[in-house]
Amino acid sequence: MRRTRVVCFGELLLRLGAPGRELLLQSPRLDVHIGGAEANVAVSLAHFGHEVAMLGTVADNPLGAAATGELRRHGVDTAGVRAVPGRMGLYFLTTGAGHRASEVVYDRADSAFALATPHDYDWNALLAGADWLHLSGVSPALGPDAAQATIDAARRARELGVRVSFDGNFRPKLWQRWQGDAAGVLRELFACADIVFADYRDIGVVLGGEFPQEDVRERVRAAAAMAFEAFPQLRWMACTQRATLSVDHHSLGAMLLGRDGTEALAPAESVTGIVDRIGGGDAFAAGVLHGLIDGQGAEAAVRFGLAAACLKHTIPGDFNPVSVAEVEALIGEGRFDVRR
Amino acid sequence: MRRTRVVCFGELLLRLGAPGRELLLQSPRLDVHIGGAEANVAVSLAHFGHEVAMLGTVADNPLGAAATGELRRHGVDTAGVRAVPGRMGLYFLTTGAGHRASEVVYDRADSAFALATPHDYDWNALLAGADWLHLSGVSPALGPDAAQATIDAARRARELGVRVSFDGNFRPKLWQRWQGDAAGVLRELFACADIVFADYRDIGVVLGGEFPQEDVRERVRAAAAMAFEAFPQLRWMACTQRATLSVDHHSLGAMLLGRDGTEALAPAESVTGIVDRIGGGDAFAAGVLHGLIDGQGAEAAVRFGLAAACLKHTIPGDFNPVSVAEVEALIGEGRFDVRR
Amino acid sequence: MRRTRVVCFGELLLRLGAPGRELLLQSPRLDVHIGGAEANVAVSLAHFGHEVAMLGTVADNPLGAAATGELRRHGVDTAGVRAVPGRMGLYFLTTGAGHRASEVVYDRADSAFALATPHDYDWNALLAGADWLHLSGVSPALGPDAAQATIDAARRARELGVRVSFDGNFRPKLWQRWQGDAAGVLRELFACADIVFADYRDIGVVLGGEFPQEDVRERVRAAAAMAFEAFPQLRWMACTQRATLSVDHHSLGAMLLGRDGTEALAPAESVTGIVDRIGGGDAFAAGVLHGLIDGQGAEAAVRFGLAAACLKHTIPGDFNPVSVAEVEALIGEGRFDVRR
Amino acid sequence: MRRTRVVCFGELLLRLGAPGRELLLQSPRLDVHIGGAEANVAVSLAHFGHEVAMLGTVADNPLGAAATGELRRHGVDTAGVRAVPGRMGLYFLTTGAGHRASEVVYDRADSAFALATPHDYDWNALLAGADWLHLSGVSPALGPDAAQATIDAARRARELGVRVSFDGNFRPKLWQRWQGDAAGVLRELFACADIVFADYRDIGVVLGGEFPQEDVRERVRAAAAMAFEAFPQLRWMACTQRATLSVDHHSLGAMLLGRDGTEALAPAESVTGIVDRIGGGDAFAAGVLHGLIDGQGAEAAVRFGLAAACLKHTIPGDFNPVSVAEVEALIGEGRFDVRR
Amino acid sequence: MRRTRVVCFGELLLRLGAPGRELLLQSPRLDVHIGGAEANVAVSLAHFGHEVAMLGTVADNPLGAAATGELRRHGVDTAGVRAVPGRMGLYFLTTGAGHRASEVVYDRADSAFALATPHDYDWNALLAGADWLHLSGVSPALGPDAAQATIDAARRARELGVRVSFDGNFRPKLWQRWQGDAAGVLRELFACADIVFADYRDIGVVLGGEFPQEDVRERVRAAAAMAFEAFPQLRWMACTQRATLSVDHHSLGAMLLGRDGTEALAPAESVTGIVDRIGGGDAFAAGVLHGLIDGQGAEAAVRFGLAAACLKHTIPGDFNPVSVAEVEALIGEGRFDVRR
Amino acid sequence: MRRTRVVCFGELLLRLGAPGRELLLQSPRLDVHIGGAEANVAVSLAHFGHEVAMLGTVADNPLGAAATGELRRHGVDTAGVRAVPGRMGLYFLTTGAGHRASEVVYDRADSAFALATPHDYDWNALLAGADWLHLSGVSPALGPDAAQATIDAARRARELGVRVSFDGNFRPKLWQRWQGDAAGVLRELFACADIVFADYRDIGVVLGGEFPQEDVRERVRAAAAMAFEAFPQLRWMACTQRATLSVDHHSLGAMLLGRDGTEALAPAESVTGIVDRIGGGDAFAAGVLHGLIDGQGAEAAVRFGLAAACLKHTIPGDFNPVSVAEVEALIGEGRFDVRR
């Protein structure tokens, strides 16, 4: 049986992190991981058994080669990643603990990805054979060229019958750098999506609404209703509910809402002993997407997504290289002793 | 005063573990520890001040030399460990966190220990001067030769008046590899033991009983009664009760039951911030054994065993190199600030 | 505006610590940090934006150079640190976990600092331009010369109108080594202080009182009253209340009491996921001192001190290199998700 | 233009090496690299820009996944690598220095590759589209099944018009383990090859000749003449001449001899400051193969091969991930200052 | 006696290097050092006992703070380093070996230093009290603003009677990025210098001459003659002669030529076992400068410079933190056994 | 056959070394090895298959335990090592390279060993069963108590018929610390020795002679003649001749001279790519001692000693854990390619 082919378009980043719980450059060493919101989803889906390809642009130097090589290691096709003169986007991470929050220092301006123009991508060729296109709100926030390229990709996908998955990932600081019209651009992208990963805050940015409801889930329900009304092609909206008790201890629940009125809840998990919280949202998105691609019902899909996200919190790096069997084992048993 | 001499027979293993909480080979490095159920007990007892000797077989190469050298470092006599051409048993460990269970990949088939024949051991010589022989259910599970060697050791010890300590350590996967008669072999070993470390599940395997009681402790009591009836030489049965709230947070209690009706309970401890859970059961066994050798009462012995096991969870590696004073400090005070 | 100049007199120590949660020399590597009660305060105050100078004596070798270099890295002026032939004080640290307490093995006898005589310091020159002098009870405990030098410094400061901050830091083992009159020496130092970091146990040592009150805070109130009576120049007394639930989980509250009857409480924080507890008290002292220097009220100062101490528990090493903004962010929000 | 497709059949091994110049397990850590004679060639050719696929069998566990993932990282197609229950072949490496030779301890018996039967490979499918098949003498030495599979591959390739490259790599110890008929099996493989990487010692094994000539190159010439006579399809024979002045300093020259009488020499290079000598021969083979595929003349090809081998000695691990441009830069200039 | 005060103006860079002799990101870790041509000189001079201040601009983030902190650690005053929003210049280093040259990948475009305008520096204040200003040809190559700032500094120094030391450091790639008039700008800087570190290639760029002499030293003599003629204020010209036998083995000699006809030669040293060649030229410049400041004759100065450079090749990182005594010990004895 | 029992009396030291070729505390980490001149000999002899026991005194803390544990790991009996309150002797090592000599910073004053009194050792018991006692000139240099204990040991050995091996190891700095009569004490020790490891410089110290001969070997011959005359019990004198071409490249030859006129020379080896030179002399002493114990002739013994010393230069740490087979392989072949 043919595997579902998912293509992900976005920037590959190098994370340069302080070891363990050290402050940045407290000792003169950095641990390197590869990441990027869309790449994180790509790697998850490849480990879930799908055919996955990454699309984008990297620097034609050893750093860019390391980024694409790492994706290939996880089984992602990188033939659609351009390598051009330029620089790679970087981010420096200090992982917190207890009362000290983790901190990211971005150094991603003027990366090869951000400077690529819409003309650099041949979407007909890049989307050929794809069943799904996954995008996120990070790419269009990087500048007008990246925004246009992202919109082009989404529209062309829609025209070609490729389903579109869009993760809101609203980052105000990035939009402010170039005074971009976040609401306008994101609205165009929402207007192409079959599924959005977004909560009431994203919908508020895109559609201008306010959600005064006291209960978080009520706010999400209202936002979803507004989204389904505004975007007639939209079929699903999914999001997590996260509470941070300390840096090492979060509570994480999730919802998946359908245009047809379906509402699936994954009850909140107590996420303790957190190793690496980065990429948790992307792991959730990949998990839900897998569930839906796999034809599971909404409830199974959102539970799969939440369990995948829980596992991500235990794994160093941005990626969540876990198999379907490992996610299902967590859902099924919840036994935590050594597996021999 | 002459120190009690304990000899331990079993396989030495090399643990090759992913650093920290990384996935296996996520970065290209492995941290190495030496282990093995019986060796773990040997090291504990040596640190408790007893005269301890390891018996067994290793490969005559740098890996085998590293294993015996590490035991000597901890004060264990390794003159009784044969070094022959062959390979060392290995296991690869991925230490989990939070919702992600730790995983062991064994690569121990056809090790020098597993291939040693009963004729390779001269039990009269090896047991000379010993007060106790410690064995576990891992050795006989490795194959017919290892099973016979273990039975030979236990029987000869019994004949020589050497007391026998036996840790059930039932591992179905190992027995399945060679279709061994686990129940039959283990029954022979139980039949030689003065003390067994076993709970109702082990007794179920060995004697075929079922324990439908809702309360775990009731099941243990019933199993002990059955064991004391089946094995007239058996004087003690001890076991822990473990519940896993997450990979980093367990609850651990313990029981020690005597043929004479003695029942000693160590109330459950909340074991948090777990560093390394491997070897926890062996640390318990060594602690109880120390208590009994030391002439402490049953309650003191089981509390000592549980405290030793709690400390093991905080120490990287399979061994539990803590002193009697350190265990007693934990029992006595339970103060956790820096000791200067 | 002129920055407040604080000078700190005390010993610089090298900490040689086992990596992670390993036992000391379990693997053949030591991680090095620089510390010392007064140096820890110096580094904190420098990061809070004050002009800070360290006074003292180090060995004229690469270890002493590393210690002063590390202070300079954090912005502390080290021109007043003498480098003379001799040895550096060392301490070896095993960081505990769960049920296993951290342990310090001191190797600081006969250090260059401990052997320096009162005549080696020209206090008029060293205190020139200073607004505050910070001392602790560790220095006088190192020997008669160090005790006299500390008293000289405190008295000269008082005469020159330099305010004196004194952290009790009572260490009975150090005093016993040379049979020093702890109570007498400390009394002289308390008699020079504008602020003391001390609780009822310190006051008991110095003034001989007993504090039978059941409630800890009542004991502190009684001790403060006794101190304000005995030491007419004393204006403030501050201390923390720490409870250790496990090695990784403490509860930490704080009080600041004024001669004028002011009593400010910082409610107890649950300090989880502790990375490094060493230097927590010094971080508190620096935080309170900053608050008072900054002209904040008592309540703001004690909350600032407690928040600084909480952050210290998350940072490897003895120092607490956090900015005012970082401490205030913790007080203000208490949000623990990644900051991008 | 279509890229040349090279398929390589052989075992993937995990190298577990002592860090730096330490003895094995002198400190409790191992550095991991992936290797295997044929995989080394595959990775080189992929970095030289060819389309490369690996064929073989790995264990269906995290170690096998790491091995194939690492090949993918270097751009090698691993779709033709089977993953089945079993174990991975391992080797433990102690890297020497000065007067101390490097040492390999093999632990590769009964690996998933060695136990795979000839029926496990569908050569028609695996060779479809290939231009070249690369094999080595290591695979058939692993046991009768592996030997037959290798012969099957070579013969089927010949039938399908796929050119065959064969690296002698004679390892007497491996053949002795199963009493294999090395000469007979290797003769069958030589009889299928278009190019063999072999010197007079290999030819001596295969054809029984002796080469008493004093000059090494004369011996190689005589062996080549004998080989071209015995194997009418054979077009090229290539080999290096290595002299070891110390562990860190070798001399390395090379020859490429053609059936048509071509003789190309690459003059001996002084290879100093050796970082990792493992894989040097495979790097040479890949370099010569690239030169021939690329249509360079014999002299250019052998110089390219030798330069690639020289670079390999400077790179940690078994692979030689250098580009054509990097090899050519070495041939062209031989300037050794920093490139900015 | 007042110490000579030297101020150095230039960019601070973070070096992110592959560990040991690995390829970049071969393993996922980077070792960090701070560097920059002028900062390297600053650190050397501070270790030689001079009063040294760094001038420049860094990013107001943890990376910039790490850079200035590291300079302070080495005793350099960083009060004149501005911290502003922006990014730090980075470079990625792969250290070569044997036949494989080291490679630098720069990622320094649009750094906070490069974007600083001439108006950001108040030269009268920054040069107050200085005896020497050290500059290099790297700064003006970074862009028109940096070029103008460097020229301003040099001219103002000349007006204020501060001596100017200028290291040519010609980097064509940097000038090409912004099409800068290298010859014109460098000429203006040469025209302010009391001493230039330059050889015939630099003079060729600046004055357009060609130096066809076969002997390198003749070329240097001719270039010096031309320079002394063109720049009447110039008193000294110094340079090294380097030959690279392999990446780990260089030959290094040096010359110092005076306007008065002085010619001092330091005979070529065989530099073997090279640990880190970066910063060798800066170490030489600092050594010569120290010799001249110290009032040594030309021959002593150039020998001191060459010995300092030789030591630099043995020290990881860009800095050369060696004392006068250590350099003199090398000149004096050349004994290489352990010093106890 | 009974193995020869050798007992070694001396101090165990902890070496705290900068990693790789870094300067001390350039990065905040130290690598730890155990050493000590006599312990180094003990470990070598244990690896050569002899029964070896260490005698001495360590601190009763984790550092002392690590030192004795490490000796046990290498097969040395540590039952005769006392553990008492106190401190361990330390030394800090910076390993040089090229032109930069390695440097040792000692921190060994007032160690538990140095403070032990002659009455702390019961020589009759400690020497029981011994065939040889090995001592060195380091122990008596540590203070009057250590000097007396060493003399006691040597004299008692002589009385008991235990042969005495003495390594001069003259360290003027240590003797100066306590104004000890080096010549007098060493004379007493030479007067007890069957073999001394010493060259003309040691003999000059002990017997006051001068050796003006130009040829080093002539000086050694003259010194040996003087020693055999002065010390009638002395049978052998052995020493190396070392020349240091650079830190990484030495030349090392050796001589063994007998009272009976035997003179055995081991021609100088070029020792390149030096990893760790510390302990080279001890490795030589152990090698010669092994040769003599083994009944080899003088020439075989001195060649064995030199080959052992060459191997030591390639091994990190103070110990030389190589087997007889490994030393003989070096003597026999001198082949330096990988051993598989």
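The letters A, B, C, D, E and F name the chains in turn, as written, and every chain counts its residues from 1.
Operating definition for what follows: a contact is a pair of C-beta atoms (placed from the backbone, for glycine too) under 8 Å apart; a residue touches a chain by one contact, two chains touch by 3 or more.
As the structure is a prediction and not an experimental result, all values here were calculated from the model.
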So which chain is farthest from subunit E, going by the mean of the CA atoms in each chain? B
One copy, subunit D, sits on the other, subunit E, after a C-alpha rotation whose size in degrees, in steps of 5, is 120
Looking only at residue numbers at the subunit B/subunit D interface, is the share used by both copies over half or under half? Answer same or different. same
Of B-E and C-F, the pair with more C-beta contacts is C-F
Note: subunit F sits from subunit B at a C-alpha centroid distance in Å of 42
Taking each chain's centre as the mean of its CA atoms, how far is subunit B from subunit C in angstrom? 45
Using the touch definition from the top, which residues of subunit D touch two or more other chains? 20, 23, 28-29
Interfacial residue positions of subunit D with respect to subunit B in the complex: 16, 23-25, 28-33, 61-63, 66, 87-88, 90, 92, 94, 105, 107, 109-110
Under the stated contact criterion, what part of subunit A meets subunit D in this complex? 69-70, 72-75
In their shared complex, at which residues does subunit F touch subunit D? 20, 269, 271-275, 307, 310-311, 313-317, 321, 326, 330, 335-340
Which of the residues in subunit B end up touching subunit E in this complex? 27-29
Considering only the defined contacts, which subunit B positions touch subunit A in the complex? 20-23, 26, 96-104, 106, 171, 173, 242, 244-250, 277-278
